[in-house]
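Both of the next two complexes hold chain A, though its partner changes from chain B to chain C.
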Partner chain A sequence: MSTSYFYDRCLSRMSIDKSISIDKSIVLGSALLIFLTIMGGFLLEGFFSFQNLRSVLLLAAFLGIASLGQTLVALLGGLDLSIPFIIGSANILLPSLLSSGLPPVLAIVIVLMLGALVGLMNGALSFRLQGQSLIMSLAVGFMAVGATQIYTSIGSEFGGNVFTPIPEWLRNLAAFNGVTFGIQIPPVVFIWAAISILLIWLMRNTWFGISIYAVGGSRVAAHRLRISESRTWIQVHGISGFMSATAGILLLGFSGGGFVGVGDPYLFTTVAAVVIGGTSLLGGSGGYGATILGVLVLTVLTSLLVGLGLSFAAQQAVIGSFIIPMVAVYARSKHIRNQI
Partner chain B sequence: MSKIRTISLKNISKSFGETRALSNCSFEAYAGEVHAVVGENGCGKSTLAKIISGVLLPDSGEIEILGGVNTTPLDARRLGVATIFQEVLVADEANVLDNLFVGSEGFFSVGKSESEKVREASELLTRCIGHDIDLFADVGSLPLNIKQWVVIARAILRRPKVVILDESSAALDLDATNRLHGEIDRLRNEGCTVLIVTHRIAELVRIADRATILRDGAPVGVLEKSEITEAKLLELMTPSDRSVMAQPNVDIKDNKSNLLDSIIEGKSIQLTEGSHSFDFELKPGTIVGLAGLDGHGQDLFARTLAGLYRQNSGTITFRKESGEFIDIDGLERASDLHISWVSGDRKKEGIFPQRSIFDNFAFGIYRRNLGWFGKINKRYAQKAFAQEVKRLKIKTGNTANKITSLSGGNQQKVLISRAFADQPKVIVLNDPARGVDLNTKRDLYKELRNFTESGGAVVYLSSEIEEFLGFADRVDVFYQNAIFRSLDYQSVSEESMLAAMFGQPLGSHVEIV
Partner chain C sequence: MLITKTFRSLGSIKIPLILFMILLFVISIQAPKLFSVSGFSNAILVSAPLILATLALTPIVMAGRGAVDLSIGPLISFLNVTLIAWLSGNNITNPIVFCLWAVIAGAGYQIIQALIVTYIRIAPIIVALSGYLILTGVNLMVMSRPGGLSPEWMSSWSGGGEPQIFSPILILVLTALGLWGLFTRTGLYKQLRLVGSDERMAYTSGVRVDFVRIVAYALGGVFAGFAALSYTALVSSGDPTQGATYTLQAVTALVLGGASLSGGRGTATGALLGALNMFLITYLLGAFSFGSLSGYITSLAYGGILAASLLVNVVSNRSSVSRG
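Up next, the complex of A and B:
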């Protein structure tokens, strides 16, 4: 009895240790986030205003949802470049389906399923052509966005822009002035929070999460534990496609009109959020919790730069130059001489 | 003969994490001698070779090589050091000639003319291999032993003053080994210092002029030619307190497992097309060793048992407790039958380098205890881990630290504990003690013995035949992809195993001239 008590004490201590030493990247990311927030407070009037915080959270939610798949793919050691194109496709396909008279819920389900399907296809193809997976995901994204534009342009002159009345509840989900059960924060923020909690739990507590870390860490060692690399790879890309479609749908609620280029900024920012968070692009270490930090850092930084009146080009330069020290801190592997 | 000192190392130390590979190691070698660096795996001999060739930098100490100091492989090469590493380092896509003369030309400067190269290369290779080979063939299309010769010839063609051979005869057969020794003689007569790094005692007794014996990262003796005998070498290499390994295990004789049904049975197994077929039997409560020169199929066979390779023909079946025989036809099956696999190549097929010590253990045992929706049972894993850490005396520190913070031996212990915790009936180990210190080895032998005593069966592949002495109940020696001879515990000796490894008849003494 007493020994088992002792064991449990030790074990709980062990897990406390674990959560403390879990990642220096979490500590660094949090410090950076706090620093930027304080900077914002000093430099800009109204930085801490409710409106500003709400818009930061809203924009972070879109980026966070779009970065989910990127995080998982990065944990496997890949990159999914189809994300912006699937976002764009979903963003124009949904209004097109709506205007053809489909009930909104059905249309949304169709778009989500198509997103997942494209993701699975991307996964299957890029798995077959390992080493070319980057360009393969780009190719699949191009195909998807091209095909969607052809479809949406049937009977219309402009494939890239689709305008149709959007249901009020979808608008409310993602608009600045959206309301969640009386709270003046759009529901998408809460949706993102719920998805985050669920995913982080899954990653830590299920075989699926373990498989992703294992395959990303060492494919051969994972195989020895009977973890299927192909299955994990394809599943993760499917999730990425699904989440990209989700982001595309929510962005439609945000903007009110379908535009194929709406996903374009997410090509860079999803990868940037992953890297700033501290997930290694080589796979195997990091997680979605880190990406959330990365997303917040990136969004707060952008809002700070916008508030300071920097042009888009200047913002790009600053954000780009952020990536360099981040990669230097996290993604650096030991020199071969010092490896055992 | 006046002695010209070519290599002088003073008080060299080098650590990898917690592992101290060399501690205050001093070493000297002279021109015109064949100098063997001997010791068990993990004694630091490869580290020493890498320091001399500039691949590794020592943590402390002084180096002087041919009157200079080397800090990079390029430095070492300029000074006249040529190293033939254990790994066969060739560019598969380039032809033989380019592989031989790689690096001999600058970006703008041209070295030798092609006809000169062809003449030199063909002369040397014909002498080494025994026949002509096409110098313009892609190296990738050549068999392993020829690739090995390409690597050796590359070093010789540089006209080095110091040549280091790091276990380079591994891929060569007896004939070829003799030809290699001929080349070594020639180099010595030209005034070259030849360092042979090896743990093959028989080989170096014949050829070495001097030998430095390393143990736990420091030299324990330097022998002159007249003093080099197998007995003397073994004595120096072996710590005096090595009981588990050096003395036959008395328990083996009392083994009652002969009466039991076998747990794995192989009938007319043919590993690869055209190889001889053989039978195999594994009984509960026994440890069966697999031995052989590298590339003679023992590795394939171990993989076959673990479901990682499929034999060409024949059957390998597992006998369930119900008496049912089940074909081991893949990894899934092997795992369902509770056959565990532990690889010595932990970097490649063992560890997850970015994960914690605990994760590396737990990843292996979640599978059998998954709950609803694939939920893992962390509590169970933590309990099992705490038990194993205690039992195997793993020095972990904080278990949330990365696995790579551990020494190689402790990493291996974690992987072995993972296999033990996965409720195995049979454990197949592929050279698990590679690069592991002696104490860890001893613990491992003890644990495996305990495991068999509780009814488990062990298949143990090792490239160091000393490991089997007093440990294995039987050693199956492989030669040309088939079991050439099975030696029971009474007839297991270094000599009998070596003879079988070279495909020699029973009772013959292997001479390597």
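Up next, the complex of A and C:
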């Protein structure tokens, strides 16, 4: 049996499995999204107003960018809980660098590189203990946030909060009233769209994308195809760190002031978006397209709940109780008697 | 020869034990105040919730399937705020009702988790994540900010008067350890270890896998109730905001105590040592004066210790496997 024959078999098997599971979750997710939108239209006045749609898209863009890494890590069968901590660290590190007089572009590049570096470190540390990678990512996140806070608070009395003027173009990038080439929609929405299209294309058409599905689907099969498991694992964590730093920088533009806790909501919402979208946490099936759907469902749901006057606490409870039924529909594991 | 033999027989708690010794040694130089009656009674009071929370994670993590109950912190927080807001707030201050509510509600929550894991068949980590979100939300709805007051009999637990070593808190911890000791004497304990290390093997050997898992979760819930009682005694009020911190600390203590997050392995001694080590590290960091940086250094240290002990566990497991 030649290698190429085996390779073709693997790929066709993978794509068939993938398409079946994605279809089911995508149909379900779309139905849910449409249902929630119609509910919103009925229950709330101005739900379809331009203002509201714009804010939904803007918030979805932040969540979407933060969930990108989570999706890729989930495709390998892991979870990255360092995301909120890297977002928070980037969010306070950037203003701190700006106030020390660095030019904005250089400061942003440094923050992005550091984010990627922390991600790569996370991947390298957790590779040998993949069953516990979740806890390792939590540990790495804590170290990152601790180190950043120590750095930013040396010579400043506001440890968690950093005040400094943010460049106007960065504010415009992510503020509610941002303008893209004359269109009244903040550029971050278009950036998210561009990243999404690029990523979906990469996942389908490049060796890198295929490697992720291969490693996530079957470590043995990936090994037979000479795909390096460690390289894929570490790369994906690096991307996750990079995207988290991106989200942290954009959130700085949104809020105008650095705050280390800004990432906290993203600890579980990124996981929720991935799960609701339909990417299996066991790895190998799903994709970023599904996550985009999950992000939209979550954001529309939140907007609906806010409109109905629910507090942040109540929103959390509702979103939490959404996850189990969603997973129960398509990501149940087999009964133990069928696993033997 | 004898020493090395005993040392090897210690197995997974070897490393936490060494760390414990080192920490005690450093503290005896840096902060000898710990070794006094007031130092001890304070240590028991402060470390009890963490010891009990770590103990609550132990049977659940032993049941396997990567079940680290991340919702343990919010659960303790939930029991804490309901004790204060629902019971104490309505003038129900009977100690028996208090203890029963904490234990039954804790066990009830964990049994629900176990039922979802066994019958709806969802990965435990997802159930724990959604439990975390739900409880965090509910806690804030029960009590929007820290407040309330624990009943009088409970505030006397936290050593209102004379510092005492044999406080009710210590009895609570000893009861929990005793319960665990009884549990390890039963056949269920062996079955739990089997289920955690190889569920398929357990199933084919006729172990009632589902039942064992539910019992393990329920036991974890009982300990969570104990943890909530000691936590309520410690803070003498309700606090809905400490959930996340406790989750992280308890998971760190669990790993530090040598438990394997992939299941099958875990001991009460390990949980105890892990939690005590966490306490000692915090105590030691507090003895140095970092000023406004201390909070950040603590989080850096927790993260570093967690990462390091995960790596050490991997290495030590590998060597024990290769030795046979």
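Convention: the second predicted complex is superposed on the first by the 310 of 340 C-alpha atoms of A that agree within 3 Å, B and C clash if a C-alpha of one lies under 4 Å from a C-alpha of the other, contacts with A are read in each partner's own complex, and residues count from 1 in each chain.
Definition applied: a residue touches a chain if its C-beta (ideal position, glycine included) is under 8 Å from a C-beta of that chain, and two chains touch if they have at least 3 such contacts.
Keep in mind it's a predicted model, so treat the numbers as computed, not measured.
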Touching partner for A:G217 - first (chain B), second (chain C), both, neither: first
Which superposed partner A:V105 touches (first chain B, second chain C, both, neither): neither
Chain A: partner with more touched residues, chain B or chain C: C
Common ground on chain A, meaning residues reached by chain C in one complex and by chain B in the other: 337, 340
Chain C-touching residues of chain A, taken from the complex the two chains share: 79, 125, 128-129, 131-132, 134-136, 138-147, 149-150, 153-154, 157, 159, 268, 271-272, 275, 281-282, 311-324, 327-328, 331-337, 339-340
Residues of chain A that touch chain B when the two form their complex: 7, 10-11, 14-15, 17-18, 21-22, 205-208, 210, 213-214, 216-218, 220-226, 280, 284-285, 337, 340
Contacting residues of chain B [partner chain A, same complex]: 16-17, 19, 55-57, 308, 331-332, 335, 341, 343, 348-356, 358-359, 363-364, 366-367, 370, 373-376, 378-379, 382-383, 386, 398-401, 404, 408
In the complex, chain C residues that touch chain A: 66, 68, 116, 120-123, 125-127, 129-141, 144, 199-200, 203-204, 209, 248, 251-252, 255, 261-262, 292-293, 295-304, 306-307, 310-311, 314
